[in-house]
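As structure tokens, here come the structures.
In what comes next, chain A is part of two complexes: it sits with chain B in the first one and with chain C in the second one.
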Partner chain A sequence: MSAVALQMVCVAGLLGLAALAIVLSRSKIATPVIYGATLAVSLIALTGTLRFLLSGAADATTLTLPVGLPWLGAHFRLDALASFFLVVINLGGASASLYGLGYGHHDPAPHRVLPFFPAFLAGMNLVVLADDAFSYLLCWEFMSLASWALVMAHHREPGNARAGYVYLVMASFGTLALLLAFGLLAGPAGDYGFAAIRAAQHTPYAATLVLILMLLGAGSKAGLVPLHVWLPLAHPAAPSHVSALMSGVMTKVAIYGFIRVMFDLLGEPSWPASVVVLFLGSITAVMGILYAMMEKDLKRLLAYSTIENIGIVFVSLGLAMAFQANGLKAAAALAFTAALFHALNHSFFKSLLFFGAGAVLTATGERDMDKLGGLIHRMPFTSFAVLVGCVAISALPPFNGFVSEWLIFQAVLQSPELPQWALKIMVPAVGAMLALAAALAAACFVKTYGVTFLGRPRGTAAGTAGEVDRFSLAAMFILAALCLLAGILPGLAIDGLAPVATQILGSRMPVQTGQPWLSIVPIAESRSSYNGLLVMVFITAAASLAVYVIHRFASRALRRGPAWGCGFSDATPAAQYSAVSFAQPIRRVFGTLVFHARDHVTMPPPGDLRPARLRIELHDLVWNGIYAPIADVVGFSSTRLNRLQFLTIRRYLSLVFATLVTLLLVLAIWS
Partner chain B sequence: MQMHSLAFDISHTLAGGLVLISLMMLYQDRLYSLLNVFALHALVLSLSVAWQAFIQDAPHLYVTAVIALVFKAIVIPVALHRIVKQLGIHRDIESAVGIGPTMLAGMGLVALSLVLMLRVTSDADPLAREDLAFALSVVLLGLLVMVTRRNAVSQVVGFMSLENGLVLAATGAKGMPLVVEISVAFSILIAFIVIGIFLFRIRERFDSVDVSALDDFRGERR
Partner chain C sequence: MVVISDIIVQGVQMLLVLLLAPLLTGYVRKIKARLVRRQGASVFQPYRDLLRLLRKEVVLADNASWLFRVTPYITFAAIWVAAALVPTFAIGLLFNWTADLIAIVALLGSARFFLALAGMDVGTSFGGIGSSREVMIAALAEPAMLLIVFCLALVAGSTQLSTVSHLLASSYVGLRVSLGMALVALFMVAIAENARIPVDNPATHLELTMVHEAMILEYSGRHLAMIELGAFLKLLLYVSLIACVFFPWQIALYGSGALSYAIGAGAYIVKLALAGFLLALFETATAKMRVFRVPQFLGAAFMLGLLGTLLLFVSRSF
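After this line comes the complex of A and B, so read on.
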């Protein structure tokens, strides 16, 4: 069986599971059966694609099914680029299924989740496999609708219905943009096969329009600012393992769409296009993490952090476009590989963190960080896994987040070789934005971990929580291990990505596996190299030594004593740092500009025993500046146009008549 | 050459006559006279179609001509006469727009369609060009009749005359298959039946076929 046929069989299996889930919906065995079978199918698909990718992915295999448009059929193709994203999807799918085996038991309405979960995975697989515009759009819509159904799984919870509505509107808008983009790509001849689009010549005018439409279409799905508004609403509304899939995997499918069109179908990128991508990417990275910093809902914070990471990936893709347009092949391969590597890493640690948030939600029923705290004592294993995720997403060595961001900065450092002054000046500025985003991300995840897991419990739910089940823990620990592995053996990942870079750019990064001591060398030994293993050994040795020295020479015995309460004799848990107070310095520095943040302190007059109150005012400028006016205009005009529904027959006829005469007049005057 | 020119002149005259009769419909303020004018309209149409059949040497067009003559010039006007008589429909036509402005608008529409069609079809056969221009005028005038009258029967007549314009356009172009014309004719017949039934129902309920009664029923301000 060819590789693509195996994938299609797996997709058919997932769709069959969706049907089976409808049949089984109310039965007790549905949850273990469906998640277990999804896990098995995802693992088969993962093995198939990994083997294909690691064997060099030299020959793309295609498959045509006699469905879809009669003269076109449905084409599917497995090449290096698709196989990489299939690895991301099926790895995410497998870990989410494993997590679901345990988490699904706590779901109040499993029949609303089970049919759509395998269907959603099947949709994402199909989008990546599609080899003509029609199948692509169809599968894209299928994926969107399946994920919408999952967002609406708990539709009675406050806010979820609105989240689903906003998601549906944005998804339709995105698909419209994609439809127009593919229409432009197919040109007047109207051949929608990707092979024909790839062979055709595209005018610069069409290429510009396609860039804008792809930024709107794929960007809205991925969460580019200012198209991100649905993402922090919809991703947290879904059950946690689905949130992990949406944040960790579906955004990658959107990135796949962008790469497929901009790098593969459209031919050589142009450097002005890269300026736009770099600009949007860096804004997205900084805005995303600033939003996350202001957030105190655990899952929404993670969703905002997804926006930041998408921004980082887009910056890296923009760098790849800039280098490729100028023929700097080695630098382009570096930036492109870094983008893919970061996408892979983000799928690891974001899934892990969403699983952790799901575990906290199961154990305490709370998503609000200001009601949590002290969970490290009650959920030690979850806390450890989430700590790994937080360290990885904060880009600290020796974990994977550091390696991919380091590679991106290596690409930024290649910018002096670019001939255009606009890029020469812009790329270092973008690098500075990335550095800012990385630092803010570290602060953000110190806040997340510290407020949720450290300190003392802020409520009874957090105080009485217990550890979660084994399946959830297994999923989290596997992902944590992957974060560490990708951090200390990045050379393997980089070499694994080489076929993708070769296919898309025609060049690849130097072979890493031959380097001594498992180092990675992105350009040349003389310029820079990184060795994750060595860093880990050093960190472990230094930490062990420090622990030994402290315990040996400072205080041998464990002593428990009263904590110093800074002068408060009776400190309540509410006196601890909260998510909001931890973010205050950053809100003071950036919030005034970005969120028009204001602090209002209400002091009671002397003698009054009421407590003083601090009220924080934040404005989402993107929503207020773009979406609210659009909603107002739509609301106003639909109220006005509503009268058209109640006209007399003669007036309707008059309208038709007037339209006809007007069009004829236009024709008479202009032709 | 002489024959061609004569053929051209006659078909031109008939099509022009159709436009003229359409304009006549605009200023009828009695139902019976409007129905008579419509019968005349259909008669001229069938003559025109028959002449086209003769000069294009296309025998199937004679069938179209006969359909036009039998159904539109005889059956439908007679049936409408009987409906009006049986239902005791008020025989004035209340027009929404005065006669003068309607006539001016009609002239404007004829001018518009002539300007447009002659310019758009500049490299077509001259006979087809003229025919199409007249046909578009007839269609637009039919719409104008529908729009400016409040009476349901006159709206039906406007619709039928609009359809006559379509048939004129179809027969003016060479090579239109018979099946198209027959299907158009039948759809018109069915539309006539449906509208007739609606007339009965409206009359039963409101004692009038003035469509403003419908609007009053819906609580609309006019």
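After this line comes the complex of A and C, so read on.
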């Protein structure tokens, strides 16, 4: 069986599971059966694509089904680019299914989740496999609707209905943009097969329009600022393993769409396009993490951090476009590989963190960080796995997040080779924005972990929590191990990505696995090199040596006592730093500009025993500046048009008659 | 044999930074005391402090977790590894290519990440205030540091410290405006990263004005010793960094023999002494600034770094 046929069989299996879930409906065995089977199918699909990718992905295999447009059929194709994204999807799918085996038991309405979960996975697989515009759009819409149904799974919880509504509007808007983009790509001849689009010549005007439409279509799904507004609403509303899939995986499907069109179908990218992508990417990275810094809802914070990481990936893709447009093949391969590697890494740690948030939610019923705290004592395993995720997402060595960001910085340092002044000036500024985003991410995840897992419990739920089930823990620990592995053996991942770069750019990064001591060398050793394995070994050795020497030759005595706190230790747990107060310095430095943040303190006069009050005013300028006016205009015009619903029959008839006459007149003048 | 001698030289460097770090801090303290006409403690006082702390028992807060107990060792190890990767007396050592300048900065970031977490572990307000301010300072210092790295990489065509140092030691680079700006910016970042005056005061005992010290308020005994030693190493690291990039005179080449290494080591000691003296002079001459003035201070470092980088884009000869 060819590789693509295997994938299609897996997709059919997933769709069959969706149907089975409807049949099983509310029966008790539904949860283990569906998640178990989804896990098995995902693993088969994962093995198939991994084998295809690692064997070099030399020849793409295609499959045509006699459905879809009558004169076209539905084309599916497995090439290197698709196989990489299938790895991301199926790995995420497998870990989410494993997590679901345990987490699903706590679901109040499993019959609203189970049918859509495998369907959502099938939809994502199909988008990546699709090889003609019609199938692509159909599968894209299927994926969107399946995820929308999952967002609405707990539709009675406050806020979820609104989240679903905003998501539906934004998803429809995105699909509309994609529809127009593919319409332009198909050209006047209207050939919707990707092979035909690839072969056609596209005018610069059409290419510009396609860029804008793709940024609107794929960008809204990925969460590019200012199209991100649905993401922090919808991702947290879904059950946690679905949040992990939406944040960790579905955003990657959007990135796949962008890469497929901009790098593959449209031919050679142009450098002005890269300026736009770099600009949007860097704004997205910084804004995303600043939003996350201001947030105190655990899952919304993670969703905002997804926006940041999408920004980082887009910056890297923008760099790849800039280098490719100028024929700097090695640098383009470096930036492109870094983008894919970061997308892979993000799928690891973001899934892990959402699983952790789900575990916290199961154990305490709380998503508000300011009611949590001290969970490291009551959930030791979860807290360890989440700590790994936090370190990895903060781009700290020796974990994987650092390696991909390091590769992106190395790509940034190639920018002096670029001939265009706009890019020369822009790229260092973009690099500084990335550094700012990385530093803020570290701050943000110190806050997340410190407030949620460290300190003293801020509420009874946090004080009485217990550890979660083994399936959930297994899923988290597998992802934590992957974060470490990708961090200390990045050469394997880079070499695994080489076929994708070769297919898309026609060049690849130097072979890494042959380097001494397994270091990675993006361009040349005299320029830069990094060895995660040795860093890890050195840190472990130095720390163990210190522990041994001190405990052997100095002191090992230890006494427990009350916290010192400068003699002021008996304060209530409410006196600890909270998520809001931890963010105060950064809110003051960046928030006054970005969010027009104001702190209002109401201080009672001396002698008055009422508590002082702090009110924080934050304005989401994107929402207030773009979406609120649009909503106002729509609301205003619909109120005005509302009168049309209450006319007499005579007036309706005259209205119809007037319309008919007008249309006939228009036709007469037209021809 | 070559590998063994390589490992020995690398090991010498690791021990050298570990042993010299407390001395540098003691020396800076001594100079500061003399500048205000105090006698001051002996330059060897930091060693005595460390030994005293190491022998004492640890008093651990009741709800301190395992993270609180491992953090001192993790931070110490991360900073020590970073310090050992910055060239001191010789360049091109065995493991110098393990991490470039970006990775060294990130290693320090790892250390800070864990310290900031430990500050929040016990659940007192002082730990929280220290952590939140520390991460704010870091969020401002890191972009500035990255622009300095850009500036150096544009001049030297590498982020590998050994290569940068080797190239800048050769006469053909000469004086550059951009390097001057990078030096000033790096100095400002180093002040902030090491919690020195005017950003933070390492000697204060007023909790509300502390940043770094508030974060580690709950530590005692051997844990505190590890954190203190880490802080000493970090100061040494930044001085070594400035020395090896901007003043790489007499730094020994890899495999150039014992005499050359000895000259390199001597020059290194002289550089440390000079840098320590200038740091003490600067700290004595300035007053600590308010916390919310720090963004302006680091913003200036950021702008200097950006200006230096842009100048290099205009012309490579700046």
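Definition applied: the second predicted complex is superposed on the first by the 632 of 671 C-alpha atoms of A that agree within 3 Å, B and C clash if a C-alpha of one lies under 4 Å from a C-alpha of the other, contacts with A are read in each partner's own complex, and residues count from 1 in each chain.
Just so it is clear, a residue touches a chain if its C-beta (ideal position, glycine included) is under 8 Å from a C-beta of that chain, and two chains touch if they have at least 3 such contacts.
Note that this is a predicted model, so its numbers are computed, not measured.
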More chain A residues in contact - chain B or chain C: C
Which of chain B and chain C A:I586 touches, first, second, both or neither: second
Which superposed partner A:R198 touches (first chain B, second chain C, both, neither): neither
Partner chain(s) touched by A:F657 [first = chain B, second = chain C, both, neither]: first
Partner chain in contact with A:R162 - chain B first, chain C second, else both or neither: neither
Chain B versus chain C as contact partner of A:K28, first or second or both or neither: neither
Contacts of A:L665 with chain B and chain C, given as first, second, both or neither: first
Contacts of A:T648 with chain B and chain C, given as first, second, both or neither: first
Contacts on chain A seen with chain B and repeated with chain C across the two complexes: none
Sites on chain A touched by chain C in the complex: 373-374, 376-377, 387, 391, 394-397, 402, 406, 409-410, 412-413, 416, 424-425, 428-429, 431-433, 435-436, 438-440, 442-443, 445-447, 449-451, 454-456, 519, 525-531, 534-535, 538-540, 542-543, 546-547, 550, 554-555, 557-566, 568-569, 571, 573, 575-577, 581-586, 588-589
In the complex with chain A, residue positions of chain C that touch it: 54-63, 65-67, 70, 73-74, 76-78, 80-81, 84, 95, 97-100, 102-103, 106-107, 109-110, 112-113, 116-117, 119-129, 131-133, 135-136, 138-143, 145-147, 150, 153-154, 157-160, 163, 207, 217-218, 221-222, 225-226, 291-292, 295, 302, 305-306, 309-310, 312-313
Contact footprint of chain A on chain B as seen in their complex: 96, 109, 112-113, 115-116, 119-120, 140, 143-144, 146-147, 149-150, 155, 211-212, 214-215, 218, 220, 222
Footprint of chain B on chain A - complex, ascending: 646, 648-650, 653-654, 656-657, 660-661, 664-665, 667-668, 671
